[in-house]
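Alright, structures below, take your time with them.
Each of the next two complexes has chain A plus one more chain, namely chain B in the first and chain C in the second.
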Partner chain A sequence: MGYSQPRQPEQVQVAGTRARPYRRALASSKTLPDFLSVLRRTRGKSSLASPALITLLLPSILLIGVFSYYPAVRSLIGGFYQWNGFSPPTYVGLAQFNTYFHSPTFAPEARNLAILVGGTILITVIAQFSAAEVVYHMPRRLGNVAKYVLIAPIVLPPIVVIEVWAYLLLPDTGLIDRLAGALGLPQPTWLSSPHLALLSILLIGFPWISNLGFLIFLGGLQNLSREILEASRVDGTGALRRVFVIDAPLLFPQFRIVVILSGIYAVQNFIPILLLTNGGPGTATFVPGLDMYQSAFQNNQYGYGMAIGTLLFLLMLAFTVVVMRALRPRTA
Partner chain B sequence: MHTAQTTAIYEARPTRKTATARRARRYWAVSLLAGAVIVALTYFPIVFVVSNSLKTGRSIFTSGVLSLFTQFHYGNYVAAWNGVDRQLLNTVIVAAAAIAIGVTAAALGAYAFSQLTFRGKSFLFMAYLALLMIPWTLTLIPLFVIVQRFGLFNTWWALILPYAAGAQPLLMIIFRGFFEQIPPELLQSARVDGCSERQVLRRVVVPLTRPILLTGSVLMTINIWGDYLWPTIVIQNPQRTTISAGIADFVNSFGLNLSGGGAVFAALVVASLPMLVLVVVTMRYFVSGVTEGALKL
Partner chain C sequence: MKTKHTGYGTTAAALAAVLAGAAMTASTMPASASTHSILIKAVLPPGTGAITAKDNAGLLSLTNAYVRAHPGVTVQWLPNSSDNITTSNAQLETEAAGGDAPDLVWEQYGAVTSGELPTGLLQNLKPYLEKPNPYVKGNKSWLSLFSKSTLPYMTSTNGNIYVVLGSNVETGMFYSKAAFAKAGIHATPTTWAALMADLAKLKSAGITPFLFADGGGCDPSWYERLATSSFLAGQVNSFMVDRAQVATPLDLAVGIEKGVISMANPRYAAVWKLLGDMRPYFSNAGTSYDACANPSAVSPPLSPEPLLIQGKVGIEWGGSWWIPQLDSAGFSGKYGVFPEPVITKATSPYATATVTTGLIGGPNGNGQWSVTSQKADHTMTPAKTKVVINFLEWLFTPPHLGYWLEINQGGGDIPTEPAAPTATVPGLKALLPSGKVPTVVLPVTGGLLTSASSTQGLRLIQELLAGTLTYSGFSSQWQSVLTTATQTWATANHVNLNKYK
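Coming up: the complex of A and B.
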């Protein structure tokens, strides 16, 4: 077997056995890349088991298998077992789900989560769509600069944003209360007030522009068809009217993605709560994610935590499906 | 020409032209004003943090509300640097290792998905897409159990391997899309010109795909840099943890009343600055990567 032969794939095809193209390739190549190329040129549709494919795909498959799929499956099963992390788990059926639904914190958790998810979606969509409209209407070159300037803070570590807002929202001495004081406005205690704590959590990150949704909306606007915009201008549609009558309906797919992404983010993002209020005061900011975290990592109730994790997963799945169906693009 | 005709029409109706022009100018003015407002709102906390990071202790609370950049106490940065330098280095090491593993694995896989044909290909790719629907809250607890079982608790591997794995779905999607654009004829012609297969990889494939590999690395760096929760769960030793957890420790060591004064704010700047520099340098890659990944959903 020389090196000349594999350069003519048809010959290899005819000469080699179709079922085992890699054996032939193996015999005719010295290095891995050589081997891969010979294998490719044999054009046989290799099965998943061929060594070349295994070399290429195995690292990635191993990673997601061990660190993504296995934990996911384990979590879905784990909710049915009571387990403290040390003694062997015991099967308890749906008992832990039941316990959770009847726990005294379930009602406030559900209420807080609903407010956080609804609030996050609302402020995200409004802030990012408006920002995208503003940038879109800017002169081209300036708009491009504005886009980068507005998106850059997305790279700030979330912990930095949270700590900054912890300072801004400090009672009396925080920046917002001092500004309010200087203007003669009331100075609420924000995070330590039972009524305002949840609102304060939502306030973190104001004006909520520097995120993915802004880029998604802006990309959508920039891809709107010129003819439609031209037609609307000829019709004399005003700018504000155009936003609602043309831009918003045509950007339906973008709205859908942003609603889903921000909703899922809101369900999972208990980190500001963990750092700033730990669910308090009382249960004013307690959410299922925090309950899950505390159950597993503070109270050693791993099974119970996984049960809550499973419920959250189902909630997000249902939410995604509902939004996908509800916000189907309406083609006239 | 089309443009000439349009001009002619507009000239025939001069009132209309000026009205349009005036309206266009008004939109510009309004959009510029609105743009200035949203940029100011977005950046006002950053400005305050930088200003406060240069003030001494109590003067953050005693000087006037809007007294920006009235003091320049650079000693705060020395204190902040001494507080989190170790964690910064740890983060760089962890990110480099996670990128080396994660990007290499995803690039090899993406090469197979884009340039080879094999049975079960689309099914396997669906397995990557499906991962985007699995939330991290679902995998958090079992992942911790796995880390303990493998004896990785309190080691950097507990961060590196899950980070490399967590990045696979996004990397695979953006890499495959990019690798598919390499025409097979290009690789073939390099071979005909006498390149060995290794040379083809090194001289053709890697240079062509470098932008997307860079994009993937930048996205991973930002995620690892910003992750707070996972290091606090799997790393016990504060000297081994990464920057986000380190910042939380540093701030907490002074308590919420901010008795640490400017040093706390200086630490926030120290933690943020590398990412801002990184994103300014690689902005174009970053923006395209991040939107492409989201739109494939």
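Coming up: the complex of A and C.
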């Protein structure tokens, strides 16, 4: 070959001109309305009316509207109505919220939720950040292998993970009790003891690495400024000190997103509790999510369930706002 | 639910009966069925798989015979993957809200007779039950084919019948013969005091004496039913408004409203004191087990049967369906079963020494069906209703009922129609009542009033037995559950309880 035909300048310009406004709009917007607004400013109204753009967006908007926004809004409204799922709903105002706050299970539910959220955030952040640091400092090829090995279990369906842990924690016949018995150690009833049941739920997923948070931390570490890392090395900063004075502060945005995601996950994920303890023994593992599920789908108290759901939504919203403010990056 | 086993002893005879029944159909078919094609969507008993599964072989052959004899009628059996009536009914109500419920739905008497299901979802079957079953020669009323003890379970507070019940189960205490021998126990207990003494002997021998499986509602609701009926035997007349064999939800609500079923009544409080007294003998893993769980369950709640087989527990409280299950697991001859012992004054000053054999047994989840209304199922025209009822009559013809129940549960279930053939299962006889069964006071934990109160009650029992709730704490919270459940039930059923005071 040796000789290549130079591209026509006009063609380059045309292509670049067409692509640029969309890229700019995408880069400077966080939400769909922002994107459309920026696009409108840069391209004028004619491009918005593009049938192709509307055709592409409409199905997604419709589907999200029907399957996500409508049930959510319906649920927010439904909390104010008493409804058994079949007969016409009756408006009861805030009565169901009041009933929930005064129910004998409210206090244990709140306590259990606080333990689960706090515990989940703690173990998630520590385990996933530590794993990311270790992998980041490994030789490149070994690090890549370790990364894939650690993240591969993410493809397992959660139900499989729960069933595996059920087998491990079962009384008398579970693997952990069998091993303890073989070693002459006490065999606690992990899921039946009121003092151990919630801890057992937190244990599920040990060592808690195979999750999105690990990739978020690893990605953050890989994007740290080389100049800063080089400077710290020149200054003789030790590995451990570097983690606390350089890596962790620079990864505040990553910590923020992991804390928010794991907190929301802990509030929403009552499936292990439903499958392993059903909230018991007594109220030892009973949480608002399970109460919401049982009220709506077992006790036919759909309105009451939706009221609990609304409260959970508000709780998660408040939690997100607080974490966003508390963990915002602090730069000089 | 329960597992299968062999035992097709009466299959040939039953098949002959099926064929004989089929021959009668020409004169028993509703006129509409011969002219229109009708699809009946029916829900199978839970945990039995598809209609082609081994458990449902009897039902399939009966259905095929019916369809052959009724041109234009098709029956589509829908598998039932629910493991309890509450989740099953949640699905039903969702379907019914859109007018898309199946025609013949699996139900349980508690959910139906309590009025917990929305009014208008199911059809009143009483007018059909009062007419002859066309498949039974000389029959004047289909209702007369059912045992008298079954009728109160089928009847709702308003006198209507929304569910037909196909089979009964009995309960009893299953024990390991090896464990009894090790503890030096040579005879099964006949009184509760003797039972407590045997539990102490088992504990001394290093064996976990008793597994009270409170991870599900079976053992707790059985205990509540047994002890409440026994301790209140002398007071039932004060609240049994319907004067039936089995307390209806109305009776229970009146009993609570009058303060008889109340923690302030020492006789009723004795029910829970006795359970608390047994706590030292119970396994501390009870909440991971449910006496009604499938023995093949691998995640909680588990069936307690394997622990009995492994010799880890001395006594467990199970049902008649356990007999074929334990036998098929190779445990035949290594276990025994005895009826629930009598609670005498040696145990509590409030005991009435009522013989309680057969008191807990009753209709189970097998062969319990209801017919949906046109509001819940838009295809359910009056003409189709007649065909669906006719199909039910066919299934509930005594030889047919006995035939498919034997295949479905290996004889662990007892047909509700005395004329239906009953399988001979070793050990079953010991659990059957020999005399008159006392008046049955149904429990709160059985979901008679509301399923929410059932769930709350179960949690309180778990806390009492786990020791996380003191007796006084339990007492006040239990009373609150009783009161709230009564008010909720009365409001939902438009019942003014003041007139019964």
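Just so it is clear, the second predicted complex is superposed on the first by the 274 of 332 C-alpha atoms of A that agree within 3 Å, B and C clash if a C-alpha of one lies under 4 Å from a C-alpha of the other, contacts with A are read in each partner's own complex, and residues count from 1 in each chain.
In this text, contacts are C-beta pairs under 8 Å (C-beta built on N, C-alpha and C of every residue); 3 or more make two chains touch, one makes a residue touch a chain.
All values derive from a computational prediction rather than experimental measurement.
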Chain B versus chain C as contact partner of A:286, first or second or both or neither: second
First (chain B), second (chain C), both or neither touched by A:275: both
Touched partner set for A:118, first chain B, second chain C, both or neither: neither
More chain A residues in contact [chain B versus chain C]: B
Which of chain B and chain C A:298 touches, first, second, both or neither: second
Touching partner for A:261 - first (chain B), second (chain C), both, neither: first
Touched partner set for A:152, first chain B, second chain C, both or neither: first
Contacts of A:249 with chain B and chain C, given as first, second, both or neither: neither
Partner chain(s) touched by A:168 [first = chain B, second = chain C, both, neither]: first
First, second, both or neither for A:87, with chain B first and chain C second: second
Common interface residues of chain A - those touching chain B in one complex and chain C in the other: 85, 163, 166-167, 170, 173, 275, 296-297
Chain A-touching residues of chain B, taken from the complex the two chains share: 20, 27-28, 30-32, 34-35, 38-39, 41-43, 45-46, 48-49, 61, 65, 101-102, 104-106, 108-109, 111-112, 115-120, 124, 127-128, 131, 133-146, 161-162, 164-166, 168-169, 172, 191, 196-198, 200-201, 222, 225-226, 228-229, 233, 243-245, 247-248, 251, 256-258, 264-265, 268, 271-272, 275-276, 278-280, 283, 286-287, 290-291, 294-295, 297
Chain B-touching residues of chain A, taken from the complex the two chains share: 7, 31, 33-34, 36-37, 40, 45-48, 50, 52-53, 55-57, 59-61, 63-64, 66-72, 74-76, 78, 85, 131, 134-135, 137-139, 142, 146-161, 163-168, 170, 173, 175, 178-179, 182, 206-207, 209-210, 212, 215-216, 219, 233, 239, 257, 260-261, 264, 267-268, 271, 274-275, 289, 292-293, 296-297, 302, 305-306, 309-310, 312-313, 316-317, 320
Footprint of chain C on chain A - complex, ascending: 84-87, 104-105, 162-163, 166-167, 170-173, 189, 191-194, 275-284, 286, 294-301
Residues of chain C that touch chain A when the two form their complex: 84, 86-87, 89-90, 93-94, 96-97, 116, 118-119, 121, 214-215, 284-288, 298-302, 306-307, 310, 312, 376, 450-452, 455-456, 459-460, 462-463, 465-469, 477, 480
